[in-house]
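Each chain carries a letter (A, B, C and D) given by its place in the written order, and its residues are counted from 1.
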Amino acid sequence: MVRYRRPVRTIVRVTDRVQETPSTVTLRFPYAPPALPGQFVMVWFPGDDELPMSLSYTDGPSKGITVKVMGETSRHVQSVAPGTQVGIRGPYGNRFDLSPRRILVVAGGSGAAVLAPAAEAARARGAEVTVALGATRASELLFRDRFRAMGARVEVATDDGSEGHAGFVTTVAESELARGEFEAVWTCGPEVMMRKVIAAAEPLGVPVHCSMERHMKCAIGMCDACALGPFHVCTDGPVFPAERLKGVPDFGRFHRDSSGRRVPF
Amino acid sequence: MADLSVRFAGLSLRNPFLLASGVWGESGDSLAGAWAAGAGGVITKSIGAVPRAGYPNPTIETYERWGLLNAMGLPNPGIGEYPREIEVAQRAGALVIGSVFAGDATEFARLARRMAATGVIAIELNLSCPHAEGFGTEVGSEPEDVEKIVRAVVAEVRVPVIAKITPNTSDPAGLASAAEAGGAAAVSAINTVRALAIDVHLRRPVLAHGLGGLSGAAIKPIGLACIWQIYEAVSIPIIGIGGIGSGQDALEYAMAGARAVEVGTAVAFDGISVFARLPRELAGLLDELGFARFEDAVGAAHTRV
Amino acid sequence: MADLSVRFAGLSLRNPFLLASGVWGESGDSLAGAWAAGAGGVITKSIGAVPRAGYPNPTIETYERWGLLNAMGLPNPGIGEYPREIEVAQRAGALVIGSVFAGDATEFARLARRMAATGVIAIELNLSCPHAEGFGTEVGSEPEDVEKIVRAVVAEVRVPVIAKITPNTSDPAGLASAAEAGGAAAVSAINTVRALAIDVHLRRPVLAHGLGGLSGAAIKPIGLACIWQIYEAVSIPIIGIGGIGSGQDALEYAMAGARAVEVGTAVAFDGISVFARLPRELAGLLDELGFARFEDAVGAAHTRV
Amino acid sequence: MVRYRRPVRTIVRVTDRVQETPSTVTLRFPYAPPALPGQFVMVWFPGDDELPMSLSYTDGPSKGITVKVMGETSRHVQSVAPGTQVGIRGPYGNRFDLSPRRILVVAGGSGAAVLAPAAEAARARGAEVTVALGATRASELLFRDRFRAMGARVEVATDDGSEGHAGFVTTVAESELARGEFEAVWTCGPEVMMRKVIAAAEPLGVPVHCSMERHMKCAIGMCDACALGPFHVCTDGPVFPAERLKGVPDFGRFHRDSSGRRVPF
């Protein structure tokens, strides 16, 4: 098994910048290496940090990432204009299994970034896709229209009730699970959210796949920054079947900071 | 089947392949994983007195399959929290060697004592990180400093002390001799070689820190030269490091004078299963060449010159 | 089309690509051949006081395309015979830089005077050969020695004196500063990196001399780091050497601080026509990046850090 | 043009040792890389030197070299027994052009080592081959029987007259040239000999190819040890058309020793 992926950086220029929500922006750029939904790239904002970012557009030579304001770098990213140079390496990591025919997608926060291209690919293969999409408020619902355009059924939850169910997206997910006959659940978002999704799907026997995030530095399975129990999110993930995560005490409870210290969520 | 077990400096290992410091070494589970994959022992990330975030990204740059440049900046959770990780690895049965780094002899000694308290089988002193900010050069580039640090640590702990030598020196053998004089049970070499990558499109260094350290196949010939020179200068055992990715690489190091080896960058290029492949390859090669035991090959290339 | 010409240390070259010392440099016809292929200037093999056969074969070992190990042992016809070769190259129009090596300052000065008499445009002092037998280490690994040698040579000749710095040191910038203090017109770096190859079947070093020096792509990151550090330490011009095989490599060196570069191992891997390709690639890249002149890129990577 | 040939050494064991003449021995060994008549390998006799040696057997996986006593190393080589390990790198250099239909081969000293496989290959393509073979005495005639076995006409000259023409092989070559209608002359031997061959063939318009020797170290066109005028024997040769050698003042007059000094023959 040759695991080696040429992680040589390519410097590209951002071609498009789309303000998806007040706190989220999509950047498009030319990057030829083939990618699959679920995979991520390391994106270098010269002068700033290099961050792991899921590909929100995986098809063809024009790739995309969708960045939500979280801290300093992601805030700067919001103002990245077309023409700006960024460094890309990857794609890294595994992908979603696209074979299930009825899929429930549960997205919280920027989780829709990785789930949208996966749902799109599943739809293209004829799968039925239901999306439980959560955000703080209506304006922050990421890729709602994109999900609709691909022919997915979209159920919304907002913390402030400004659209759809008022409250947790997990409540929406639970009622969907109760009704539908899903072959798979795909989820990405805060780990407490993902734990709840697993808790709801498990008794029903529906397998759940979680796209995980951990602090990343090398992205090639070396530096140990992204350690998650016995796994490395960069090379064993980012997509994990829930069963693999069950034995991992840190899941939903602790992540590691840049020093490798375990810190509670 | 050739016997791969090695005994030196009071250590007894099932095979000579140790996980190098800084790779898969921040979490106890990862150390346990390297052990489970087949490593003869695992060395922790270099641990300091307090938590340290390391440099911002980019922290790595790679060159095809022959080299990797890094400037992690010694991120580590600090000696306060880290014992918990060691415990996780030890519970999984791993033989753990604790690596520590510090800016002077006193701090090295203090850290080493705390590290020894975790039950590690040995302590490796990272004297050589080429990208830690010291007073201009590396903490371990002067023989006097090396001897002083080693002496201070040896006075403080009972486990064997391994001094890790930098290649960024005109005289690696001199540094190793200083470590021996200070009472080191063994020396290991080499750490990464000072290096830099420039991006011409961005007109800047690639790594956030600028300078970094080169590892991987490219430095194997450099590491072999260091081991060769050190072997001629000291009588304590030597651990070879640098670009080891095959059983043959390890045997080259052994013939140059190494009793054991550490493997770092190959984990990034080949995955942790490299620790299953390496002993298999080494045993096959030893059989082919007529060596009954790995240890019989140690220093073999010196006898004819 | 970007302007590739360079002027520094009183030299004026049509492009920044110099033939590195020791490659195609034993015969005047070969120097002329490198010039005809397109080199901006050619540096002779390092010449000593008397003819020297060098080490027996094997004198080289290669690693795929990323590296080459050599221990030629400074073979050269001696300064008595060599001027004839320089004349052949000069008659063909080549700008020749004379490289000399010696064991101490007095001999360096004497040799340099004889070399200068041939009409070379500059003299490069090989202070750094990692496999010449000195007193244990290299003649140029201590700043005091470097300063003394350079001073002695500068007092003796009128042409610019270039001090070639070894990478086998903890402090390349310190050595470069010493050369500057001694009056060097420029420094060049790096020479080969001390290295070794072992053959496990034969249980011996591959090269007849044992230790050798690594060159080629593998040492580019090491050379870049040296140039980077030297640039921050000196104000005399720097010539970058080590693993240059493309226009981009040269530009990386320039941005790290080099005003010109030398090319060695690429000649073995790509043939002498590399001196036609390199300027073409460099000009194309400069155009793409919006540099009107190569010289505008010198040190460009330092301004943002 | 990628000139690079992987010159990584392979350590092989000598399988056969054949005493060809009192001063010449052939060593056979397994070495898979394909080779063509005219090419050479660098042969490392561990503990001794590494020397350039023409392949006297180029076909198939069992290659061969044929070594004549010249100095210290080549004397030691005479006693190399089967089972001995040697290091091989190469093959290097160019080859004989096998297209001519009527070929005169002029071999002196160990020159027959490189000419025999070339003549064999030419014969296999149906060419007529005449060999002018010279040696000090009858017992030193290298590959006489091999040339005969391949169906070449062999004309012999010995210094002491113990077989064939008494005197220079060039005399034999001259009379062959006078009689025959050759499309090409291939020659290998002392340079004075080769110069005479050229002098005889040139007025007749017969192109001559010379296999040259110079001191070699790297064999990859780098160290300049094998410089011959503007050429490097290791990469531009070892086979040179006579026209290329004509402008080279050193040809037949000077070679370079290990220090690069020009020394007269």
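What we mean here is this: a contact is a pair of C-beta atoms (placed from the backbone, for glycine too) under 8 Å apart; a residue touches a chain by one contact, two chains touch by 3 or more.
For clarity, every value in this text was computed on a predicted model and none was experimentally measured.
Least step count on the touch graph, subunit B to subunit D: 2. If subunit B is left out, touch-linked groups of the remaining chains read A | C, D.
Subunit C and subunit D have Cα centroids lying 36 Å from one another.
Mean C-alpha positions place subunit B and subunit C at a centre distance of 32 Å.
With centres defined as mean CA coordinates, subunit C is found 51 Å away from subunit A.
Within subunit B, contacts with two or more other chains are made by residues 63-64, 201, 204, 304. Judged by the touch criterion defined above, the protein chains link up one after another in an open path, with no loop closing it.
In summary, the structure contains touching chain pairs A-B, B-C, C-D.
Contact residues on subunit A toward subunit B in their complex (touch as defined above): 1-4, 6-9, 11, 42, 44, 46, 49-51, 85, 87, 217-218, 220-225, 227, 229-230, 232, 235, 256-262. Across the complex, subunit C meets subunit B through its residues 63-64, 66-67, 69, 136-138, 141, 166, 168-171, 193-198, 200-201, 203-205, 210-211, 214, 217-219, 221-222, 224-226, 228-229, 248, 251-252, 255-256, 285, 289, 297, 300-301, 303-305. Contact residues on subunit C toward subunit D in their complex (touch as defined above): 22-27, 29-30, 32-33, 45, 51-54, 56-65, 68, 70, 72, 75-78, 81, 199, 201-202, 204, 206, 208, 264-265, 267-273.
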